[in-house]
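Naming follows writing order (A, B, C, D, E and F), and every chain is counted from residue 1.
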Amino acid sequence: MSTLTNKDRAEVLIQALPYIQKYNGKILVIKYGGNAMINEELQDAVMGDLVLLNLIGVRVVLVHGGGPEISDMLKRVGKETQFVDGLRVTDGETVEIAQMVLAGKINKNLVARITRAGGKSIGLCGMDGGMILADKRDERLGFVGDVKKVDPKPILDMLDMGYIPVIATTGYDMEGNSYNINADTAAAEIATALGAESMISMTDIAGLLEDKDDPSTLISKVYVSDVPALIKKGIISGGMIPKVDCCTYAIRNGVKKVFIIDGRIPHAIIIEVLTDEGIGTMFVQ
Amino acid sequence: MSTLTNKDRAEVLIQALPYIQKYNGKILVIKYGGNAMINEELQDAVMGDLVLLNLIGVRVVLVHGGGPEISDMLKRVGKETQFVDGLRVTDGETVEIAQMVLAGKINKNLVARITRAGGKSIGLCGMDGGMILADKRDERLGFVGDVKKVDPKPILDMLDMGYIPVIATTGYDMEGNSYNINADTAAAEIATALGAESMISMTDIAGLLEDKDDPSTLISKVYVSDVPALIKKGIISGGMIPKVDCCTYAIRNGVKKVFIIDGRIPHAIIIEVLTDEGIGTMFVQ
Amino acid sequence: MSTLTNKDRAEVLIQALPYIQKYNGKILVIKYGGNAMINEELQDAVMGDLVLLNLIGVRVVLVHGGGPEISDMLKRVGKETQFVDGLRVTDGETVEIAQMVLAGKINKNLVARITRAGGKSIGLCGMDGGMILADKRDERLGFVGDVKKVDPKPILDMLDMGYIPVIATTGYDMEGNSYNINADTAAAEIATALGAESMISMTDIAGLLEDKDDPSTLISKVYVSDVPALIKKGIISGGMIPKVDCCTYAIRNGVKKVFIIDGRIPHAIIIEVLTDEGIGTMFVQ
Amino acid sequence: MSTLTNKDRAEVLIQALPYIQKYNGKILVIKYGGNAMINEELQDAVMGDLVLLNLIGVRVVLVHGGGPEISDMLKRVGKETQFVDGLRVTDGETVEIAQMVLAGKINKNLVARITRAGGKSIGLCGMDGGMILADKRDERLGFVGDVKKVDPKPILDMLDMGYIPVIATTGYDMEGNSYNINADTAAAEIATALGAESMISMTDIAGLLEDKDDPSTLISKVYVSDVPALIKKGIISGGMIPKVDCCTYAIRNGVKKVFIIDGRIPHAIIIEVLTDEGIGTMFVQ
Amino acid sequence: MSTLTNKDRAEVLIQALPYIQKYNGKILVIKYGGNAMINEELQDAVMGDLVLLNLIGVRVVLVHGGGPEISDMLKRVGKETQFVDGLRVTDGETVEIAQMVLAGKINKNLVARITRAGGKSIGLCGMDGGMILADKRDERLGFVGDVKKVDPKPILDMLDMGYIPVIATTGYDMEGNSYNINADTAAAEIATALGAESMISMTDIAGLLEDKDDPSTLISKVYVSDVPALIKKGIISGGMIPKVDCCTYAIRNGVKKVFIIDGRIPHAIIIEVLTDEGIGTMFVQ
Amino acid sequence: MSTLTNKDRAEVLIQALPYIQKYNGKILVIKYGGNAMINEELQDAVMGDLVLLNLIGVRVVLVHGGGPEISDMLKRVGKETQFVDGLRVTDGETVEIAQMVLAGKINKNLVARITRAGGKSIGLCGMDGGMILADKRDERLGFVGDVKKVDPKPILDMLDMGYIPVIATTGYDMEGNSYNINADTAAAEIATALGAESMISMTDIAGLLEDKDDPSTLISKVYVSDVPALIKKGIISGGMIPKVDCCTYAIRNGVKKVFIIDGRIPHAIIIEVLTDEGIGTMFVQ
């Protein structure tokens, strides 16, 4: 790269033109979370990507999680977490901590990073504008929420005024409770409610692999009707199953394309959106 | 009250008409904090007041603090707070906790209360839309911030779209630091930047008293030019001095009227704004 | 009332919140006439009510009659009125006088009262903007008009610009004739053409009474399908029959609720709209 | 005319082009009154002129009087009129009659004529939108009003929505009084408040004549600075003096051109505005 | 005409009122070409007509050809034209010349004439805004284009901003070719794409004649279903057949009325649009 | 370049972010002409650059000349060109040819290229919207025009609707004459009238060179006050003098920066605007 001339650079920019045209004015929901979010430098890269996409006319929405930081904070206050069926049991104290970490720390720090990258962003959570109405999934799990209804209006209002909405996936109910909502689920519901063109789920794997130990066996494109077979074969397994379910849900509800990409690659979003390379797995109808 | 007929109620509503007319379309900044904020029932009352004011055409902005809850959270994580010259020393860990409590817990809970009261609100902090740029007040105090610049645009954008902006008083700088900013100071700066008609500071005292032990000696109106004399006499003293300084600052920078009222009185804002009674102390030029 | 504290007043205001929310942005047509209109003080009370409703976001439209004042003016010019089937025979001179009294005196005086109460109003009659096209009901009655078509555009234009439209119920035809139109009929047609949420008919009775001599037998709610039975029983009789027919017409054509209330009660509109008390009779589908 | 071919007609239309261009988007206030208003056929001709001007983009405002019809109505109710210094003494009953005749009869009939000619008009008087605030000229004259303030907003609102505003020159005060205001005076004040391009005063004389018995001595153009000399010479005399004073007032307050034309000539306005012929007397700075 | 008084002129203008009302806000496409276009004085007359129509609220669009001038230019460069089946064979050099003459000379000169007549115009050809996508009619004819798709957006954009669009009928394809498109065809396609109220085709004949040598046998109105019979009878023949086909096409695709008028008559458009005389042949459904 | 990975490409895009931010919403006038315009592939490259800039929010305006093609066409029609003081003598026939070539051929072909590159463009010349009013520079030179007035409104209208305006530099006068206007002059006048941020003049030299035979002696930045000295030294000489005069004129009239760049370098505009490399000579105040 150090040897790239500016003529080369101009050439690269001009080659991005058809991709820019394709996404101009379209809504793109990015689910950001997990290990891809821990590294500070990577965070700045991702926020820069959002600012660039926003500037070239993509209506970009960031939905983030924050499990590791919630766990870390729970540990700091000496709160022991229990899991039932692999889901965190979220009592009152836990959901309070989760909300603080998600909506107060991670969310606003991402917003500040966007500001420093030259963009304008508003950090929202499910309470803002009455966006994510939730109810309890299961009494035993406490305040683990199912999305009852997403009101896309606050997000569209922010987009219309030129802000990049950054969304922490908490929910509320009319009795005054807060809920912790799985970020993949929330992103799929938000993409659906917005009628998004695409959703990109940033993970810390390369995508679906035929052979999980061989990155060269990446499956580039999956028809959602083939997902059950892939699960049966074990190609989709473990923690990937609920993630892929969210992708399927979004596609079945009108989102045109959903991507699972490797968030550890710098500027993976830009590569996916603005070049001819599909770097992860794309789900389509 | 239980004996009030609906004719009496209608009479009361109609008598509020001139007050509604006076505030219609005007910006009113409310500083909310301290003990007035602890009681849950009072919180609901205040949020109901905001929804009512918003509905009758007042452009209302809520700025809140949250000192007691920050202290409580610091205690929960076993962090000991140090004070220098009566100001909290705010190291990196402290400002992180403060931001989480302010922007993630208190702010979003107030937003949820507004939703439950039938209003629409967006919870902002100083990072959102690049609103509050800050710098260090004093190296010894750590991340205690002075307001360098308030950009009123994000607040005005929210008002224009009909949302009640609820603001947590954190600040940011371009190096990636967060700052804890005194809520009275921030409210005064925000009211100034917005060209607000009025600012109401909700406290847990009745207002300025000639004799601090006698509520009947309430001073209803203070010209800001008389403040130094009142300090000299000891009528303004201790923690009231910086609060009154903020009032003076706002008045000197274009806010028409600033009120210190007793937030422990239910619907104190409505009494102040929509009746002929001035229940606290009003500062004017 | 004199002993009401301002805390009580604030309480009353805040209790009106759900009612204000319910009517916010909705169209409310008020039919005003008869004896309820004679008293000057009552007129000021009603105009104050309109200004208040307008200010809190109700799109309020006033339709007024003026029979007694027309009769009075006819007497002053020495014109004797004849009635056929209980309907005024309206010759050329009579309709000219009626128009002058309705559109020139009563209408504009109501507009001036609204101005003095701090509101902005435009006084319209059926000619303005070509609003009420009429034709002759019956050759023998002269210029008694049936509504042929209401164009809601001029009313909506006035509402959109923030004015309270005050409407005198004259009509016109393309041959240059003016018509006197019954105000109850016109109000029902106007409410229908506007797709109004509600219509309130202000009369000088308490509403429908089971026993006309016992106000405690007020019927609060009437399904329009029950009207024929009520007429048969004599509960609706005489001059109330055409009034109730107008209510029925409006409900059957899309107006959600129609109220007959006692206009002699000060602020009856406010009681009906902004409290939990239904003070008259409500008609619904 | 009967022998005019359609080629001739097209020629005439095309020759009007520069005049249409000159007035496009400009405000033209027309004062209409006196004998020019009595003939029904002439009224239809004038209203047709307004509709044409409105359609080709002139922002036309009609201000009308109605002295003869007021006198007639006063006679019908047996009210004797008294004059002091040539001005009608206007007691309470008289101003009530005047308002009814002006705002209820003449005004709305003109509006209906415009509707029949295919235009859209709203009939306003000084009460509408709080347009003409007045006070007493002279205690001895009763409710003869001086214009205290014209609020041009309601007129501009009507123009912006495409209506032709037709204005009856009554005034109001905040004590609930109505006033009769001289239509020439009101038209001049309205033209001034609107920043009108031109005002046309339609009278029943040919314009200013050097020799009042010889129509060939018409003075086409008068500089307002020459008015005193013309009064001295007797060329402007009697009832023309206050009329000319209104013209002078309008010119001195920013109206570009004021015309006195003979309203008895069919389509005099069109001749004045859309041809190269100045048919009356034009006043300029 | 020289003896016309201004009263006559005003009368003519006012008699045009119903015609102006009828066309107000409607789209009128004028096909201008052939011999009607050669005379400079006539050109100025037509442009004046457009400016007048534009000013009185008609949304007027001019589509022009230019065969004679193209032939003239081809001759000047020594290019010999060949015809196949009566259609010009249009090789690369020919289409280049045609485009220059149409879009660079005739089009822009018409635009300049409109400017001199006091109007505002933008000269477009089929390339502008991607308006006329074309393909080859017949390999043997070279770059003679069929209209594949008309995008009405650039024309509507110009109309919305108040410009008179003047359109040269070239087309483009995505391979970089230009096409010469028959102006009658293009006008019919444009009128259809715009949903025009009317199309006027200006020719150098008086319209359809029963007896082609007797102008008194003009057929005023033709139902498109009668066209085949008229062709059979020889009343429509030769070069008129494709012209009439375009008229039929436009009518069948939603244009309400299509006129063939004699462009050699000064202000023929104004006569057709603004008087009661139909001077040519009108086609209707 | 062939070895560039998509990661490299993403990196390049993200590095363009600050440059995109700097030009977002700003007007950039590009003067395009001479030898830089002859090569078809280069033309496509430049049009692609414009589409890219337009898409990322730069308000880009293209002003083009076309001397060589005019000369070529004159030759084809056998017209011999005469020069006086190095300026083409432009008689009636010559200006007609020039207009056809500029406004009909070059202009519309550039517009078609933009369409093919996925952009939307409108081709204008000085007649459109009355944009460039001209008068004769010198009787001896015929229709060589000086710019008398540029009306920026048609250009701004096109920009506001999202079109890329492409401008042929012809002028008009109110007598019906066309003028050929030097493209450098016209571009400078247009940039000035638009209040452009920058103007880029694309030439076929590398920029100003200390030693005209040594490209390594490129002068990157010139203060307009130093221009006379550079002329004196011979560094600016010959045909560059009027070009540089235009640059100076634009800078002195409010354009912030003017660049002379080498149009033969592919994507020179993108290199200049979106990278850190200044590839030509920049003129500043």
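FYI, contacts are C-beta pairs under 8 Å (C-beta built on N, C-alpha and C of every residue); 3 or more make two chains touch, one makes a residue touch a chain.
Not measured: the values here are computed from a predicted model.
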Number of hops, chain B to chain E, where each hop joins two touching chains: 3
Separation of chain E from chain A in steps, with touching chains one step apart: 2
Chains touching both chain D and chain E: none
Numbering shared by both copies at the chain F-chain E contact, with half separating same from different: same
Cα superposition angle of chain B on its copy chain F, in degrees to the nearest 5: 120
From chain F, the most remote chain by mean C-alpha position: C
Whole-Å gap between the CA centroids of chain D and chain F: 56
Computed distance of Cα centres, chain B from chain A, in Å: 35
Centroid distance [mean C-alpha coordinates] between chain C and chain B, Å: 45
For chain D, residues that touch 2 or more chains besides their own: none
Touch-based graph of the chains, sorted into line, ring, star, complete or other: ring
Parts of chain D lying in touch with chain E, wherever the complex brings them together: 1, 4, 6-18, 20-21, 24, 45, 48-49, 51-52, 55-57, 117-118, 265-268, 270-271, 274-277, 279
Parts of chain F lying in touch with chain E, wherever the complex brings them together: 73, 76-78, 96, 99-105, 107-109, 111-113, 115-116, 120-125, 127-130, 154, 157, 161, 163, 170, 172, 174, 176, 178
